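Two complexes, one shared chain (chain A), two partners (chain B, chain C).
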Partner chain A sequence: MTLAPAKYAHYFADFQALSQGPGAGAPPWLKTIRDNAWSRFSETGFPTARRGNERWKYSNVGPIAKIDFGLASGAAPVNASKALAPEYQLDGPAVYRLVFVDGRLHSGLSSPANGSNGVRADSLATTVADGSFDLEARIGNYAPLDDDDGFVALNTAFLHDGASVHVADGHSEKVVIHLSYVTTETAIDSAPKVTHPRTLVVAGRNSDVTVVESYTGPQDEVYFTNAVTEISVGEGAKVDHYRLLLDGAKAFHVGTSRVNQEKDSSFSSASFALGTALARNDFEVLLDASGAYCSLNGLYLTTDNQHIDNLISIDHAQPNCTSRLNYKGILDGKSRAVFGGEVMVRRDAQKSDAQQTDKNLILSHSAEVNSKPSLMIYADDVKCSHGATAGHIDADTLFYLRSRGLDLDAASRMLIHAFAGEIISTVKPEPLREYLDTLFSAAIPDKSLPFGITR
Partner chain B sequence: MPASEKNATPMLSIKGLTASAGDLEILKGIDLDVFAGEVHAIMGPNGSGKSTLANVLAGRPDYTVTGGEVLFQGVSLLELEPEIRARMGLFLAFQYPLELPGVRAWQFLKAGVDARRIHNGEEEMSAREFDQMLKAKIVEVQIDPDLIKRAVNEGFSGGEKKRNEVLQMAVLQPKLALLDETDSGLDIDALRIVSEGVNNLRSPENAIILVTHYQRILDYITPNHVHVLFDGRIVRSGGPELAQELEEKGYDWIKDTVDAGV
Partner chain C sequence: MTTSRVISRNATSSELDADYKWGFTIDIESDLAPKGLNEDIVRLISAKKEEPEWLLEWRLNAFRHWLKLKFQAPKWANVEYPPIDYQDIYYYAAPKSDAPKSLDEVNPEILEAFEKLGIPLQERERLAGVAVDAVLDSVSVATTYKATLEKQGVIFCPISEAVRTHPELVQKYLGSVVPYSDNFYATLNSAVFSDGSFVYIPKGVRCPIELMTYFRINQADSGQFERTLIIAEEGSYVSYLEGCTAPARKTHQLHAAVVELVALDNSEIKYSTLQNWFPGDKDGKGGVYNFVTKRGIAHKNAKISWTQVETGSAITWKYPSVILDGDNSVGEFYSVALVNNHQQADTGTKMIHKGKNTRSTIVAKGISAGQGNATYRGLVKVLPSANGAKNFTQCDSLLVGDKCGAHTVPYIEVKNPTAQMEHEASTSKVSDDQLFYCQQRGMSVEDAHFMIINGFCRGIFQELPFEFAMEASQLLKVSLEGAVG
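Our next item is the complex of A and B:
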């Protein structure tokens, strides 16, 4: 085992405590994965050196590296976690909910599926223990350790609990999986908490799965969420995916999502981010077989000194695939948004159809956006487009609303809400759509006046 | 006619109004009284300032008022924010209505109706009452109900946008409607429908200022007064026959008479 550099001693102590404590009973393959991951992390560390690192050019993870986060463990009282989990109910005959409190499945708040009807949705720890699903072949398969910034390695080193979802081949009945990752308040005199939420979703052939991932925690505390999600969309399967990054105003969130699509599969995703001090959404989809379709939508709203970094990549590795990428941002205060869109069309990926856009609405003089969509096309028979915009509320449009009796605040609020609405309206489950609509409506800054207009 | 009631107070009284856009002086001294129950047509060649007049009255921030006074229902208008003017019952039908992607027409119109009601010390209209009223107006204005389900003006044709302005006017029931070249670019059917919308609004309590380049719409809406605006001033006023004369002689006739100092 590699020795940890002194600066990561804190993580190393927690790593050893996990290996020798709750994680000691893990099968050898899992121990090997963890050990390899730790070795990897201790080599790479955090991507604090940004020079020449295009993936982290505009985002400084120094604040994360500087704090000695302690591994959160154990379930907090039910009431505490209830208060922090998003309040909406997803309805349907096959709805399974897994709530993770400080990294551990909370059985009292969860309704797992044991696999008897073709759906297995349970904690990774349980799935590992009962051996009901071949996790060894899957974990780390879509989010491998190489070609990583250190965050996936760190998450994998702490692989113990998390969500394991498997929908059997041919299970065509719609399945809804609701995953809540909750960080609770830090006890007095304790180190700020880190959790490493891990999600594996395997949607079998021709299955129809909706996955909602949400991340929440206390508003006024420093903590760190280092999430990794792996999703495999089987042949002809359809996955609707929602990611709710709702960590607190002093929290750090680094999310890495890796999606693998098989033949004629469909993956529709909407990522929402609101209110987190430093947030990273690293989302990669591999269109790995002909006829796959993906649609990646995103909405972020930042205020104060918040910073969000979306790095969205789509790899057209095979012919006849279609991708749609549409992210929108609303920036206020001194906040900053980074958008990197990378669409790669490989040489054999003829008849690829790719569109990507990033649109930003800037409400304050001090807010800043760095948007760099890019297309790398190595095939010759393709249909691709990309674009990015950053603008303010249009003064003429505002006058149009005011001439109908709406005051400046109501008018700008209506326009900002409409701007966000394009992404919110892509959410299919109604309770979730309404929840997000309410959440983002309430977050629209009050005095969001356009440039040049003063009271 | 109310206009003949010499003792009546005008609904709108414009005195010596001057306004500019940037360094360019556009309105060079407008005097105009509009009484309740009247329809005034303001005609003039391109660049004469007729659209500027309508927009200055509605409070468009692009223009700077440099002098003069405007009283609307006895209240000095020019210091008021555009939304206050709207809540007092002033309405501008835009020459180029804007598209509002993501803003539903229902929500947009109800917000306007409610803002005015609250201004007048009334409660917001119930959703049900508003629904019924909107449905009736949709029929009245003969607008495609499907258009109203979409975002405001998004992807509408020019004619549909103008018709939507007339619908908004019908819903908001203004005291004073300013129509800024609402007739431009309309085919004959749309023109007739728009005109009917305007005629429906006409009542002894309301007034309408119709800004237009062409005499054509005046075949459907008979004005009480016609004014010709030229180079930022009203150079001629008369009855409907003035519009007819303009149609026959063209705007060059106005230019020549102004140049000749007639």
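Our next item is the complex of A and C:
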């Protein structure tokens, strides 16, 4: 066991409490994973030293490192938790819902799948305990500890509960998995809470899975969500993935998603971010076999002093893969948005086709956008392009609407809404699409200030 | 240009059997300071140049700052090379002869060297209409057309001479755009820079001829640290060209230059570079490490335009930048970067928008062949004060062969809502259809490739002065040899 660095003593105390308390009954392989993760975290710590660190060039995690977050215990009342979870219903023949309150599965709000019909969607702790699924080979396989960021290592060190979803090979009927991670209000006099939500999705051969992850919590409290999601898309499988980052305005959120795609698989994702003082969405897709297709969309809206950092990478490791990336941001107040993305085409990954776009709409004189969409290409027979724009809505477009009788405010709102609409319309389940549309429409700031005013 | 500057290779004097036609060495006795860098060397360089106290002080400040950096060269660039031993380099190498007062006094061997390079040093080349300042190793050898320029009040001379004859100008502007603490290589340059060109265009003057500096590293194991300073007074115009070559040597040579441009209100500076330092041989042995800091500041309504054709150097690390300080100022960057064999280039630009209604245009073309890696890395930054700033960036990469790499890393930082930023990039290989079309018209594969690549770069070449454009096209052809087929 590695000694705790003085800086992270409180994390170490919680780590020991977990491994000797609720996590003591875990199988040896899981204990090893946790111990290795802790020693990795104690080596790296948080990426607060940013000089020369291109991954954190524009985002400062100092505020996260400074606060002594205490591990959330998961003993909140049902009603409080229910109020904080997002309000929409997904319907269909096979919808499974797992609600995690302060990091633990809340059985009263959840409807797990027991695996009898080829779908297993349950708490990680239960799945580990009954050994019904070979988690040892999967956990940490797609999100290894090899980066220097520290967040995956910290999450893995506290690996105890989370969602484990497994859809069997050949299960072609559509499966909808709805995962809610809720942080509840902090009790008076206790330390700000941290949760380490962990999601593992294994979509078997030719399966069709929709996964919705949502993260919510109290509006006016400081807390930290350190999420890790691992998704394996099997041969010929199709996964639709939605990530809803709806944490409170003072919350910190670091989400690491790692996706692994096999032959002829298809992965579509849409990430939405609203709220959160400091958010990071680190998303990586590995196109690991020929014929894989991925489409990553994102929409973020920031106000006040919010800061959001999207780091989206696509790795074309094998030939004949296609990727599409489209992220859009709307910025107001003194908020800052960072887009870092890398499309990598490895040697011999011929016939790769990649498109990468980042567009930002800046509504205030104090907001700031830093965009760094990069292409790293090592194969010659490829079609790769990227584009990035930042600015305001075209004065001519605005004029057109106003000439049709709309006032400046209404015209502005309509155009911002349309800007966001491009991403929202990629959401396939209707209730979710409507929910998001309402949410973002309400959040669009009431202003038309900088449009077309260049002097 | 009456004589072509692309000349045949002098095979006997080349240490390496590279297809580098500029790879001859010239046997000139050099005045060498001992290898390594310390305060004494800095003092020695300053003393050799008979510099005033303030300049020595500035150099020493730079040197002391450099020591604080503890040999930690920046690592963010997408280039790989073994650590450089900064104590194993000659920091001062000069052809051994006193400074010539006129062309007649220049050592004939040096003249011969420049003849070989096809540099029209002699005034008989009057028709060429280019004034040349030639820098061999670290010393400026000769400047032509002095009289013509003096009539207009244009100063074009080695910077070491300007320190003596126009100290007030040098003191005012040296380090004003690239301060000595700017970055690792600029700091090193500030401490040990030996010579370079100085240009001053008086108010309202349109420089009648194009000015040109020719740089060459000759001495083995030496570093070249030249420093160029160009000042365009209000309403003036100048077009400046630079060319560079080095002998083919097995060991790497270090080149860390600094270029500063000051474009005062309503002036325009056009700066063109043909960089053809020795790129190393087929196996990546030898070649110049080219770590260069180039930056200009554009005041009200001024325009700075960088055009570069980068075909040489084992490593190119270079980001010609423009600070768009004044309202309505304009910055342009046009670049072709070609890598072949084991060459690596990490190059691009920085456009810093400060003034209102400032505009910048970036067009970068990268060509990767062999096992070369070319990276475009560019920053476009819009500060809160830059209302109505506009940028357009286009980066295109062409891949020739399946062992090379082409990368695009743009940084876009916007702090003003009225700014309009557009970035586009694409990467592809030479189209099979185009190749087929050319071939069925009877062209060889090589010629077809060359024609298509030449067309790909056409937009950039058009920004070059005519003779340079011809040479650039030739250079491209030579550099691509062996990459196709």
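Here, the second predicted complex is superposed on the first by the 447 of 455 C-alpha atoms of A that agree within 3 Å, B and C clash if a C-alpha of one lies under 4 Å from a C-alpha of the other, contacts with A are read in each partner's own complex, and residues count from 1 in each chain.
Throughout what follows, a residue touches a chain if its C-beta (ideal position, glycine included) is under 8 Å from a C-beta of that chain, and two chains touch if they have at least 3 such contacts.
Keep in mind the model is a prediction, meaning the values are calculated, not measured.
In the superposition on chain A, A:V222 contacts neither chain B nor chain C. More chain A residues lie in contact with C than with the other chain of the pair chain B and chain C.
Shared-chain residue A:A191: touches no atom of chain B or chain C.
In the superposition on chain A, A:A65 makes contact with neither chain B nor chain C. By the touch criterion defined above, A:N370 reaches chain C but does not reach chain B. Shared-chain residue A:L406: touches chain B; no touch with chain C. Of the two partner chains placed by the overlay, only chain C lies in contact with A:Y378; chain B stays clear of it.
Applying the stated touch rule to the two superposed structures, the overlap between the chain B and chain C interfaces on chain A comprises residues 453.
Touching chain B in their complex are the following residues of chain A: 394-397, 399-408, 410-411, 414-415, 417-419, 421-422, 453.
Listing the residues of chain C that touch chain A in their complex gives 74-76, 78, 356-357, 384, 387-388, 397, 399-429. Touching chain A in their complex are the following residues of chain B: 58-61, 81-83, 85-87, 91-92, 94, 97-98, 100-103, 107-109, 111-113, 115-116, 119, 151, 168, 172. By the touch criterion given at the top, residues 52, 54, 347-348, 350, 360, 362-392, 449-450, 453-455 of chain A touch chain C in their complex.
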